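Next, two complexes with chain A in common: one pairs it with chain B, the other with chain C.
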Partner chain A sequence: MSWLLFAMLFWVVALWVNIRLANSSLSETRAVKLAVPVIFGVTVLVVWEGVVRGLEVPPVILPPPSAIAVKFATSLPILWEDFVQTFIKGTLTGYILGCGSAVAVAIAIDRSDFLQRGLLPVGNFIAALPIIGTAPIMVMWFGFDWQSKAAVVVAMVFFPMLVNTVQGLAASEAMQRDLMKTYSASYWQTLLKLRLPAAMPFIFNGLKISTTLALIGAIVAEFFGSPIRGMGFRISTEVGRLALDMVWAEIAVAAIAGSVFYGAVALIEKGVTFWHPSQRG
Partner chain B sequence: MKSILPILTVVAAIIVLWYGAAVWLNSKWVYDQAARAGVEVSFSEVVKQTMNQERPKLPAPHQVAAELWKTTVEKKITSKRSLIFHSWITLSATLLGFAIGTGLGILLAVGIVHNRAMDMSVMPWAIASQTIPIIAIAPMIIVVLNSVGIQGLLPKAIISAYLSFFPVVVGMVKGLRSPGMMELDQMKTWNASPAQTFWKLRLPASMPYLFASLKVGIAASLVGAIVGELPTGAIRGLGARLLSGSYYGQTVQIWAALLAAAILAAGLVGIVGLIQRITLRRMGMAQ
Partner chain C sequence: MTSDAVIAARDLGLTFQTNDGPVHALKDVNLQIARGDFVSFIGPSGCGKTTFLRVVAGLEEPTAGQITVNGMSPDEARRARAYGYVFQAAGLFPWRTIAGNVKLPLEIMGFTRAEQEKRVKKVLQLVDLEGFERKFPWQLSGGMQQRASIARALAFDADILLMDEPFGALDEIVRDHLNEQLLKLWARTGKTIAFVTHSIPEAVYLSTKIVVMSPRPGRIHDVIESPLPRERPLDIRDTPEFLEVAHRVREGLRAGHAYEG
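And now, the complex of A and B:
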């Protein structure tokens, strides 16, 4: 009971603090902008902990965050092994191959208006399909190990990336292209010095969408078969054993990996497209 | 309409590539069979045999089409082998989840736009959640709800709702904020109440953003429903068809289920797109 009371009390106090902070004159400062979501996040964790302990929810339904944190800290080697298998081997390999080949194909079809008009709608169409369903096929073709996961990732990221790159290559203005012509720049010079740089905001948009897609692809593909390591494998087997603290620890790893991956790409974008209005803020 | 020819060309090229890949991938089995029987096979013979294997590495398009026809038109829709039956299982979970997720998402977005504290505490998390693979919690939701006695449609719908929720929140917040200073000032000069501003300015202005996220959301809902069918084992739904196909090496069945899922997704996105076009045109917002 005391746990429940504590959780309620903490919630009310945190709510009051957040409302005061948000409506105060300081609400535009960086510190407050950071503090408010952090307080909210901590409150969720505390209420979760308090409710689970107070109502004695069995750990096979919802373990308290403290138990998850302990599990996380004590099983670091396993989590690391899964991370390497799923993220470094499966996701990153597939991401680089898929995005790289999509950009290459986009440049290859760049000179043909006919191909572009055909590939763009088809690409847009395929990008909306549940490509994740190809996972069992890839597992059959490329085996249980990370190669099949990388293949799923390639299939997932290819079309969003292709569509974005093709749009990006068309983003430079007629005036700018005319200027390149007056310089008598060749096709490749125009491509390298004007059109690819102008396409970067679009390309990075595709790259950012692809980070999440890639991780989803690699994890879900492991539900269809995997060697005895990997984040998706661990989640599905530990769920079967009702070891939910391990599942939550694995989800935490996935969340951290996902946001760091996205953050890294966003950081590179900031460096590359420093000239774009959205980055000058 | 001048895009029809290029699109058809690309689709035809994909089918030709598919046939080529089918010959290439399936020929090994034919050669192995021939070597075991001790006979020589000519190339044309190989091509013929790669088209009609029972468990090919890559089924040829006509095999998948035949399987689709067989499992949709020729089977009763109540049959466990009917793809329409399985598609309906998946579709119902998708639609229920999509409705829940969209409804809650719009509500939260309205809250965020009107309440500063909510905006500052929830919005960063909603944006961050789009970078993490939330689908990873799908197996847990299914199994946990199963252990407290909730089975069938609802657990899958919750996953679908969860996946469509965040895109809708983020898109809807953007949309509700899209009216500029000038328009908001105009409402003020008319002495409009916050409710009037909401109904007459913010909500109509948010429609293009809402529909853009609805398209993302319904595709995500379908993926959620399919993935939600995996952990319960291969029982019902398109996800189950994929899983049982992969257990028993029934490649034709996998491809048929995959194509059914693709048709479903295309149909759903198409319907949302159609509603979008009609709504925006009647609102005078069509580009």
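And now, the complex of A and C:
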């Protein structure tokens, strides 16, 4: 009971502190701007811990965060091995291949009406395939290791990237294209100096959507066959052993990796499309 | 055709095929523009003044008659970098600085890096934008952006400047100022300028020759040789000569409209 009371008390105090901070004259300072979300996050963890202990929730249903943290800290080598297998090898490789080829195909599509009518529907078709169905097929084709996971990621990120890039390549204004024509600019000059830069906000939209898609794809694909490492493999086997604290530790790794991945792409976007109204601020 | 005609059009016509039938954007246009002229095209919307400029630039293909620019076809003239084109909006690339935007045509045309720097400096001085090289277009006012776009059109030093309502979106005070600057620039560089406008005072103030056009089909209604001297302070607009020319332009526009019906 004391755990529950402690959790509630902590919650009320933290809420009060945050309200005071947000309304204080310091609310615009960097420290307070950082403190408010941190206090919120800590509160969530404390309440979680208190409720789970207070109500004696079985660890199979929901382990307390402290147990997850202990598991995380004691399993670092395994988590790292899984991270390298699933994220560095599967996700990143697939992401780079998928996004890169989608941009290349988008440029080809944009140049030729024939390809536009032929390839866009094919891209749409591939995007409509359920990952549950394609993943085992990819495992058959490319083997149990990370290559098949990368292939699944390619299939997942290709279409959103393609559609965004095709749309972006149409984003330059007719007047700007006329301007390039008055300079007798070649196709490639117009592409590199006008149309690709103008497409960047769209391309980065696709890149950002693809970060989370890629990670999900790589994890889920491991459910259908994998060497004895990888985040998806670990999740599916540890669930079978009812070791839910390990599952949560893997989820934490996935959440951190996914957020950092997205944040990194968003940061690059800020640098590349600084000129766009949405970034100027 | 006289030999000093920079732009010469003979029986020029352009018909767009649309779903609602053919649209005669230009019909039987005959015009000669001499070297060093400042020619304004004025008329209501749909009279083909912008279309004519686009034909000169090779952005549209005429469907009848002939046109030469520097004695060449518009396409050849474009490839020979015979003209700079200033559009209605500045159309600067927001990811490039002002200097970067002015450099754009120079990069495409393959000028050396040193030459690029030299020319950017020179033309930015010409349009009074020194010190703004490293600014981005969206950090500048509309008038300054349009001046940068003029600098961009001047950068590769073409003999002809084609301007399509460059000051149409600007307020009158800024427009007066830019008109004055444009005249100075014209006097200093000796370029041939073709200038599309909606404004009678602007056309009369700037031009040595005013082409009054009328719509449906787009054609030339009147060509007025301006008796005003080349040296023109802003208050020339209150002189009787100025008002007389303006009157004639207004009459021409009204008569051109009377054809409708």
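Going forward, the second predicted complex is superposed on the first by the 245 of 281 C-alpha atoms of A that agree within 3 Å, B and C clash if a C-alpha of one lies under 4 Å from a C-alpha of the other, contacts with A are read in each partner's own complex, and residues count from 1 in each chain.
Criterion: a residue touches a chain if its C-beta (ideal position, glycine included) is under 8 Å from a C-beta of that chain, and two chains touch if they have at least 3 such contacts.
None of these values were measured; they are calculated from a predicted model.
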*asked:* After the superposition on A, what does A:Q189 contact: first (chain B), second (chain C), both or neither?
replied: second
_Contacts of A:I137 with chain B and chain C, given as first, second, both or neither_ = first
*Given the superposition on chain A, which partner contacts more residues in chain A: chain B or chain C?*
B
*asked:* In the overlaid three-chain picture, which partner chain does A:I235 touch, first (chain B) or second (chain C), both, or neither?
replied: first
*Looking at the overlay, does A:M246 come into contact with chain B only (first), chain C only (second), both, or neither?*
neither
*Between chain B (first) and chain C (second), which, if any, makes contact with A:A155: first, second, both or neither?*
neither
*asked:* Using the superposition on chain A as set up above, list the residues of chain A that contact both chain B and chain C.
replied: none
*Where on chain A is chain C touching in the complex?*
173, 175-176, 178-185, 189, 193-194, 197, 200, 273-277, 280
*chain B residues within the chain A interface of the complex*: 2-3, 5-11, 14, 25, 57, 116-117, 119-125, 128, 130-133, 135-137, 139-140, 143-144, 147-148, 215, 219, 222-223, 226-227, 230-231, 238, 242-243, 245-246, 249, 251, 254-255, 257-258, 261-262, 265-266, 269
*Spell out the part of chain A that touches chain B in their complex, as residue ranges.*
15, 18-19, 21-23, 27, 32-33, 36-37, 39-41, 60-62, 114-119, 121-122, 125, 128-130, 132-137, 139-141, 211-212, 215-216, 219-220, 223-225, 231-232, 235-236, 239-240, 242, 244, 247-248, 250-251, 254-255, 258-259, 261-263
*Residue ranges of chain C touching chain A (in the complex, touch as defined)*: 57-59, 78-79, 81, 83-85, 87-89, 91, 93-95, 104-105, 107-109, 136, 138
